[in-house]
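Next up, some structures in structure tokens.
Next come two complexes, and both contain chain A; in the first it sits with chain B, in the second with chain C.
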Partner chain A sequence: MKRQLFRFRAVIMLVVLFLLPSLSMAQNSDTSRTLFSQDLARLRAQEVVPMVDKVKVEGPIRRSQRLHATELSIKDAKTTYFLLDSPIIKAQEDHYAPVRFNHGQHAASSGDCSVCHHLRPVDNSSYSNHPETVRCSACHQQSFHPDYPERLGLKAAYHQNCIPCHKKQNAGPLTCRGCHLNNVPEHKQLVKLPEKPDPLQVTAECLRCHEDDANDLLHTAHWRWRGASLYTQDQSRQVDHGKGTTALNND
Partner chain B sequence: MQLKRRSFFKLAAVGAVTAVTTPCTVKAWESKAPQDSYGCLVDISRCIGCRKCEQACNAVNELPTAARSFDDLTVLDEKRRPDATKFTVVNRYNTGRIDDKGLLVADFVKVQCMHCQDPACVSACITGAMSKHSNGAVHYDASKCIGCRCCMVACPFEIPAYEYHNPITPKVMKCTFCETLQREQNKPPACATICPTEAITFGKRNTLLNLAKKRLHDNPGRYVKHIYGEKEVGGTSWLYLSKVPFAKLGFIKLPFNPLPRLTETLQHSLFSYLWSPALLFTLLGGVMYRSHKKQSAHQPDNTQQPGGAL
Partner chain C sequence: MCHDTTGTYKKAPTKAGWPDKGVDLKDVAEKVGHSSRRSCGRCHFNGGGGDAIKHADLAGNLLKPDPNCDIHMGGLDFSCTQCHTTMRHRIAGSSSSVAAVEGVVRCADCHSDRPHLGNSLLDHHLNMHCSTIDCNTCHSPVYAKCSPTKIWWDWSKAGDKNRKPKMIKLGNSKALPDYHVKKGEFKWGRAVKPDYAWFNGKTKRIILGDSVDMRADVIQLTSPVGLRADPSARITPFKIMKGMQAFDARHHTLLIPHLFPRDSKDTTAYWKNYDWDKSFADGMQAAKLPYSGEWQWKETWTYWRVEHEVMPASMALSCVQCHSSLGEEKTCNRCHQDNRHINFKELAHKTTDFTFLKDKRDDVEQLQHSSDYIDFKALGYKGDPIIYGGRFKKLPLGALPQG
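Here is the complex of A and B:
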């Protein structure tokens, strides 16, 4: 009897142990899910898979038809969010922050996997899970590979696939900055502030490097708000809600 | 000894025969092009005109800071040439090509030293400051340069530039093919590495030629059927593929013969064993001797005539 009770308690505890995290996740499900997918994407971006040796060469129409015949569809695209931050490119250069790529959105809007997954490896065995839709970096790795002179490097493969399509569809970012944010240098070393600085000191320290950005801000509505604040409760007729007036207490 | 009219003609005939036979004994001109050298293939249809190659070149070669940012694409509004402060430039050409929406599509052409297989600048350099390396690079050694600028005159692509602003230690400035990068870090030239679309492909020249031919074959209608640099001036390390005729993109039409072939053949055949100056002076000496003799034969009459008249 005592033993049974012990078992019962153990089962209950186990159940509670498993349920607790999911319950807490349910409470703030949005943040935890994004964190989760962001971490996953970050981990995934670091993976380097073995390079595909030979690809099956077929025309785009044939490939599209064959993919339809295999009943592979957008619903099979399980991973929706990727970070493009491969060590293959980083070994050569590191100028930009990782590009955030919404795989699900692209799959849904194109409706055809073969638009991006334009070729497949000849050999099925090493990619038994999804041999038809291997990742870009399975075939495209190092640039100017002496053994595969006609194969693009990963960086060029991305750009040659993304840029013409964005232009053609007139959708998504059309400039470099649209996808690439500059690598932000670590500010811990750059910022020089005394112990317990006052707000003005902090602003002055920011301005030391970002004076142009500050000047730009002075000409935006954020700084010199001059209109009615229709959606501000009790203050809908207030016209000086800019950062330069009431919204900021720096002066 | 008196040189008679007959013996003079004999001498002249011997001279003429030597003149005809001597060049035959001189060895025929041979190309010194490296066999297993590197090169770059520029696919103009892939270039998006982002000017990153210019930026990378500027950084790697420690060139002076540019007056306008490399992100500023309005620079492309005018045609530029490489000069002492920039080894490579990208120019934009509107040839009237339109896309499927009917919008004008520009072509972007990267200009830099072509690193000829048989470079005219190397042939023209009198001190050996310019040399062709086995990796394909046309190398400039400032320590040997005397600043005669013959290389600038000789280059068919008008590439070498001169530091006119530097009166004490001026140098000839041109693309280095990032030889130091290649040698020390085993890396391709900076412009090729940074190119986002691989419009520049780096590799062995022979591999690149095959690759270019494969692209021409696999994409019928995409390119004009010409690999610029395959045969121009005997071949260059930098090769170009284009959608529109090269003449519309600022490429000059050049002979397929290596330029040093004519100049070096002329020079080597005319000046070997100093036979041509020797012959020239012999002939001139003969003419002088003859006219002198003629003059001295008539001289008594000439000197006496005025006297006789008196």
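Here is the complex of A and C:
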């Protein structure tokens, strides 16, 4: 616990020393950047907060009612855009680019903070702007934590919260790739080519591993320069219009 | 090309798709990665033969965009595939210019059909607008704000070897020529107010070999489908690319010229021989279409939907910029109980702050203070829909128009 607190303090010190001056500069130069900046989201994603020790025991209906009574709303959310890229998960595995998360849209469309913020810490210490709505990683950190065996790890917590809801609502990304862009492995060792290869040698080398992708590509509009014209009046059942066939001066 | 991360891969212009000899293909292959704005933009930023020529809202500035030019790519560093999602190399996105489509991208995919967050009455009104107005009508009130785009291209003027191009400067952009001997006469636009039309997602297209009505003043090669009475149509912003092109005087088809010389012996290519007749004869033969030998220049329009270059929310059009009738009101009492607690001036009378555009076009003031921004008469209304739209009259609400 002490070690974690120390780590938290170190992070805070870093934020104060390096990030706050740049924040205020950003504020002066461009307000839209302060609200939306990718850079700010990146910085926030790297923070690790101390783990909440005790959560308040409260049923979901009671909690929902109580949160409504506090009139907590989207207007209280200081930041509406997050990147999910926690070092807690990255310590275990690092396969994907950060997940973009539009917190404002989720808060507005659910209209009930307790849908995701399903529990709160017992005490009011400063885990977040508002103790009712601490970040996921305040309670969910490494999986199979010996001190908190009942809690899901952060990765499982995200997945168990996001996936069933997206399925139920039939909204937002519904596939893995919809949220997760995979990291491309370093190809320097994988690609085996002579010096100054000719173009066909390069294609053959790509196909050595990616033949399925190449076959997919052969059926696309980008390869064939034609395709289904679903949204062209009186041509919605045609499959052969495009730059390669019938388009007129349309680049 | 698509998965190059080095930025060094390029095609040789005369080699029909083969890479340029100077490209280090081994290096490109070893550094392969995801597509990016740079790799997609290599083609899509250059539609029409150069930066931002035809696509008003796609240009090289999107490699490192100012967030005010495009909040998604500039503020949040979106790559193209963030919205144009892919499935087995099929890429979603329905373009105004090309018929082939592999999926549709809508703002609502991320922002939902109720994108104005919050529970206030203003949010409610703005969300109501979403069923009749495309997001970019308010959120991208000018197009080509950060790179000038070609808005007029007169092919009939090409071939005058003595004409010296005049250089045009729009705001702080680099100077652009108004003439090219191979291509004809141009006009450029920057931070242009779009044209607005009802659009239900379908496009009417003249396709290769279609004969057109030569009596029309303007031949619309692509145009949006939609009517005010069509419940699926929304008021949508477009750039209209205008120009002069040649049509076969007898068959009434758009003529395809042969432009780029095949080799040094080529005697028909326009860009070598400057003879339209030979160029059309060759081009139409290649397209397997008849050519009568006579041609006529006609004005053509193509509609290009303004889809990108979404500005930060603070720069969206304000209420009074379209609804001029609000300028005469002092409270919301046309429809609501008179509530003096609302700062009506701040809510409805404030105009959008376009100062960001001041080095981009000369008459920003005029843009800023224009009322009836989207031209309701052209969209089928007698005037401001608050007065003339009809919905409020069906309920016993508010004052009826005078006379």
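Here is the rule we use: the second predicted complex is superposed on the first by the 152 of 251 C-alpha atoms of A that agree within 3 Å, B and C clash if a C-alpha of one lies under 4 Å from a C-alpha of the other, contacts with A are read in each partner's own complex, and residues count from 1 in each chain.
Please note the rule applied: a contact is a pair of C-beta atoms (placed from the backbone, for glycine too) under 8 Å apart; a residue touches a chain by one contact, two chains touch by 3 or more.
It should be emphasised that the depicted structure is a prediction, and the values quoted were computed from it without experimental measurement.
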| message | Looking at A:L230, would you say it contacts chain B, chain C, both, or neither? Reply first, second, both or neither. | response | second
| field | chain B versus chain C as contact partner of A:Q46, first or second or both or neither | value | neither
| task | Using the touch definition from the top, say if A:A108 reaches chain B (first), chain C (second), both or neither. | result | second
| query | In the superposed arrangement, does A:D216 touch chain B (first), chain C (second), both or neither? | reply | second
| message | Let me test your reading of the model: by the given contact rule, A:T70 touches which partner, first (chain B), second (chain C), both or neither? | response | neither
| task | Check the residue A:E150 against both partner chains and state whether it touches chain B (first), chain C (second), both, or neither. | result | first
| Contact breadth on chain A, by residue count: chain C or chain B | C
| said: Let me test your reading of the model: by the given contact rule, A:N124 touches which partner, first (chain B), second (chain C), both or neither? | reply: neither
| query | Looking at chain A, which of its residues have contacts with both chain B and chain C? | reply | none
| message | Quick check on the complex: what are the chain C residues that touch chain A? | response | 2, 18-19, 25-26, 28-34, 46-49, 53-54, 67-68, 71, 75-77, 82, 85, 88-91, 94, 97-102, 104, 110-112, 114-115, 117-119, 201-209, 221-222, 225, 245, 254, 302, 312, 314
| message | Quick check: in the complex, which residue numbers of chain B touch chain A? | response | 46, 48, 50, 100, 188, 192-198, 201-204, 207-208, 210-211, 214-215
| note | The residues of chain A that touch chain C in their complex are 30-33, 35-38, 73-75, 80-81, 100, 102, 104-105, 107-109, 171-172, 178, 181, 184, 187-188, 191, 193-199, 202, 205-206, 213, 216-217, 219-222, 225-236, 238, 241-243, 245-251
| message | Under the definition above, what is the set of chain A residues touching chain B in their complex? | response | 92-93, 143-144, 146, 149-150, 152-153, 155-156, 159-160, 163, 168, 176
